[in-house]
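Labels A, B and C are assigned to the chains in the order they are written; within every chain, residues are numbered from 1.
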Amino acid sequence: MVLSLGLVAEIAGGRLERGDPATPVAGMNTIAEAGPDEVTFLVNSRYKKFLPECRAAAVITDEKTRPVEGLAFIRCPNPYLGYTRIVERFAPAIPYPPPGVHAAAWVDPTAELGTDVAVGPHATIGKDVRLGDGTIVMSGVHIGEGTVIGPGSILYPNVVIREHCELGARNIICPGAVIGSDGFGYAPDEEGRFHKIPQIGNVVTGDDVEIGCNACIDRGALGPTRIARGVKIDNLVQIAHNVTIGEDTAMAAQVGISGSCAIGGRVQLAGQVGIAGHLRIGDRVVIGAQSGVSHDIPAGERWFGYPARPNRRAARIEAVVSSLPEMRREHRALLRRVEELERRIAELGDRDDNRGG
Amino acid sequence: MVLSLGLVAEIAGGRLERGDPATPVAGMNTIAEAGPDEVTFLVNSRYKKFLPECRAAAVITDEKTRPVEGLAFIRCPNPYLGYTRIVERFAPAIPYPPPGVHAAAWVDPTAELGTDVAVGPHATIGKDVRLGDGTIVMSGVHIGEGTVIGPGSILYPNVVIREHCELGARNIICPGAVIGSDGFGYAPDEEGRFHKIPQIGNVVTGDDVEIGCNACIDRGALGPTRIARGVKIDNLVQIAHNVTIGEDTAMAAQVGISGSCAIGGRVQLAGQVGIAGHLRIGDRVVIGAQSGVSHDIPAGERWFGYPARPNRRAARIEAVVSSLPEMRREHRALLRRVEELERRIAELGDRDDNRGG
Amino acid sequence: MVLSLGLVAEIAGGRLERGDPATPVAGMNTIAEAGPDEVTFLVNSRYKKFLPECRAAAVITDEKTRPVEGLAFIRCPNPYLGYTRIVERFAPAIPYPPPGVHAAAWVDPTAELGTDVAVGPHATIGKDVRLGDGTIVMSGVHIGEGTVIGPGSILYPNVVIREHCELGARNIICPGAVIGSDGFGYAPDEEGRFHKIPQIGNVVTGDDVEIGCNACIDRGALGPTRIARGVKIDNLVQIAHNVTIGEDTAMAAQVGISGSCAIGGRVQLAGQVGIAGHLRIGDRVVIGAQSGVSHDIPAGERWFGYPARPNRRAARIEAVVSSLPEMRREHRALLRRVEELERRIAELGDRDDNRGG
């Protein structure tokens, strides 16, 4: 597919600055790799250094980036979204299985499949499962009894969704993710042996949820684990039983959320963050990578650290910590100066006393 | 199913306080959601605030919780275990595959399956595998050659157990878990290239072990990786080669145990804890979330932090760290006061000298 | 199989010290467990304590280990590599599926399989996939359309490799690993809703790469995620989109590398390390366990900590942190001494003034 640069600018929702609108564009590429028939984008200033050598037909960027001799820009109010619109046009189709049930799949006769549902080889679909129109179930997927999946969802290979879960429309579940497994609940007896607590809740997701590879979303102990519309969960994330997550929240890889946490909407958790049990994280909270959260966090705050604290406080503490060796050296020098002062003052006092003061 | 409230109290091992023993109970629910035909429980004081509005037929709790006007309690010595006993009664049956081998499974003819073994679709069972009576192997599971699994075990979908491992009775292996994969062992040569060291040990588990979703238990390099009776391992945990874990130890999600560690019995590791290689963690040790352990820990101790230290020491250090900006301010003020003192004392000394002292 | 101790020493590339070269050796075992017909090895000094009781036919070790009465040593310049050579000889064959396509596998007719390719039950191989000679695809593996895998590679059960990826020769992909899944890329619109950015790159690996169980290697957003020859990646590691990793780099379990990082060659990352996005980590860098890296690191440096710093600096800071409670006590005592000095000096000044100085 080839589009004109003018059309590309239009699709991106931007304004072409320099550059011939008739230039043919055949794809997108990185700023360092893009050739004269490709467009690229610049949103992270770290990559500005590649601009002078950039050979792209145009660079999608914001209004502030300084012009570069001989380089065409597509100025966008939201260049990242502009880039997304273009790459959507050029992206090759993902090779999903065709509609219909593959001969090597196993689908329980009581399952209800909507129109244009595709089921790949070696998938297993249990009793009373309901799959919305156009849902794609790839190879090796397991869907347990009574689970309902909204229309337009994509279940990548080897996903496991246990029984009686409810997924919204257009969910994307990446390979190896597990939804609805038992939460980690045991009651110790007098001898310290654990008795497994049956986990009789389920998992309920809203529309447009994406869950990463090998991520784990446990079913509730009682009642559901709830993931609201638009939540994006990266690879290897752990969501424990009875967690609730608000709309449009995003969690990077390897985050762990302990049981019964209530995470607000539009929250952003960076990679490897851990959140202790039963906490409330308010809307729009942003938490830095690897932070360990052991307190509720009010809406709108930005925290980081282990233990996590509000960013400003954490940064002030971190600044002192980073200069602690010097502070200790000064502290020891101060100790010696005080000892010297004490000696001198005792001396002066003695002289004074001798003088019969 | 409906039970009388009196019977529910009896099953929970508790004493009904207020409430009509004849009240019909149809299930369990959370303290906020339970209706008049459901019981609930209170073990975490954080949820006491829901008591006044609670509509449950009764609340399973301990002897100390204060009575609430119009609310029936079931007083239990171990309310969490009481709750477990009740939920066991009300839990719906998990829809396992029925006994027998599904037509779409592949079982090597030399495998020995006990009575009432169930094998789901697309499972693969290798040569000389032995499965104990009543074991359930769900869809997409792989069991490698020569592996032996005790009676009553449940292997959830897409579990992989490699060759020559030995699992005890009533093991529960959650979806996507991998048992017996190669440990991470390489010998670098003079040129810095890695040579893979064959991992010729296996994994041996005791009875009543549960292993979480997508957790990984590596086989020993030489000799086994050993997981004793009653150990509970949560999702996404990594157990490296030749680790040994004692009875009734529990590890929360995303914990990582490096090679050749010896973890005692009744140890509790909170989420995302990491333990460096070759360490000995004594019995009943408790380690806080995200801690990084680089030393042996004696039996019975409680540690946390990065690096991990005994709780009391870690808390004292943490208290100072959290007030470091103020301490530095004081430190700088002190420096100025000492400078002023030095100036004053020099002045006094000079005057004294001038006076012909 | 039984080898003479003399031959064992030769295979290990070492020199037999004491011990009869004719002693029959039937295997390898740990230093504590090895019997008189087994050899063992000692590379970690922590295990020296087992030497006096060791019953092995010989101990593979370096030139420095002190002789022990009655114990034969095989002295090697690289004892770990020597051990590897011996265990390679004694290791039992791994029970891979035999060459050919299992009747229960599904292979697209357009796929090209080299000679002696083995495909196990319930594997799914897409259109235009090419598998090099001798490659082994075990049960439940999914290989997406157009993916090319080099000769001699081993794909363990339930691995997922999505479309259009390119793996080198002799790759070992452990159970449950996912290669080529979508990177975590979304553009937020004005309302804070995320729009998925199609991930149109792929994953390219060099020869002799090993990827651990349930590890995740995301495909590039634009252009490839690249993993060079000889890289070893442990279980549950996350490699985000457009990361590049240099030759012979090793990463322990649960490491997370954020998008677009460039990791050098011969880098070593210990367990649970996290690296923030777009960073450059130079060749031969070594990073300690659980470190959180938020800066570029020059070649050859060793860092640790959260936040990570050069080892020497991090250790100095850590030493002060660990004695902070004592430093604060001294600090407070110093404050009182300065107050006392101020009082005394005021007193002396007053007396001096009164004396009409």
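The rule is simple: contacts are C-beta pairs under 8 Å (C-beta built on N, C-alpha and C of every residue); 3 or more make two chains touch, one makes a residue touch a chain.
The structure presented is a predicted model; accordingly, all values stated were derived computationally and were not measured.
Chemist: Could you run down the chains that neighbour subunit A and subunit B together?
Modeler: Both-contact set = C.
Chemist: Could you check if the interface between copies subunit A and subunit C is built from the same residues on both sides, meaning over half shared, or from different ones?
Modeler: Mostly different residues: under half of the interface numbers shared.
Chemist: Approximately how many whole Å separate the CA-defined centres of subunit A and subunit C?
Modeler: 24
Chemist: Name the residues of subunit C that each touch 2 or more other chains.
Modeler: 104, 122, 140, 158, 176, 214, 236, 254, 272, 290, 306, 321, 324, 327, 331, 334, 338, 341, 345, 348, 352
Chemist: Under the touch definition given earlier, write down the residues of subunit B that touch subunit C in their complex.
Modeler: Contacts found on subunit B: 104, 106, 122, 124, 126-127, 140, 142, 144-146, 158, 160, 162-163, 176, 178, 181-182, 184, 186-190, 192-198, 200, 214, 216, 218, 221-223, 236, 238, 240, 242, 254, 256, 258, 272, 274, 276, 278, 290, 292, 294, 306-307, 309, 313, 316-317, 319-321, 324, 327, 330-331, 334, 337-338, 341, 344-345, 348, 351-352, 355.
Chemist: Report the residues of subunit B in contact with subunit A in the complex, numbered from low to high.
Modeler: The touching residues are 28-30, 33, 44, 46, 78, 80-81, 83-84, 87-88, 90-92, 94-95, 102, 104, 120-122, 138-140, 156-158, 172, 174-176, 208, 210, 212-214, 230, 232, 234-236, 248, 250, 252-254, 266, 270-272, 289-290, 306, 318, 321-322, 324-325, 327-328, 331, 334-335, 338, 341-342, 345, 348-349, 352, 357.
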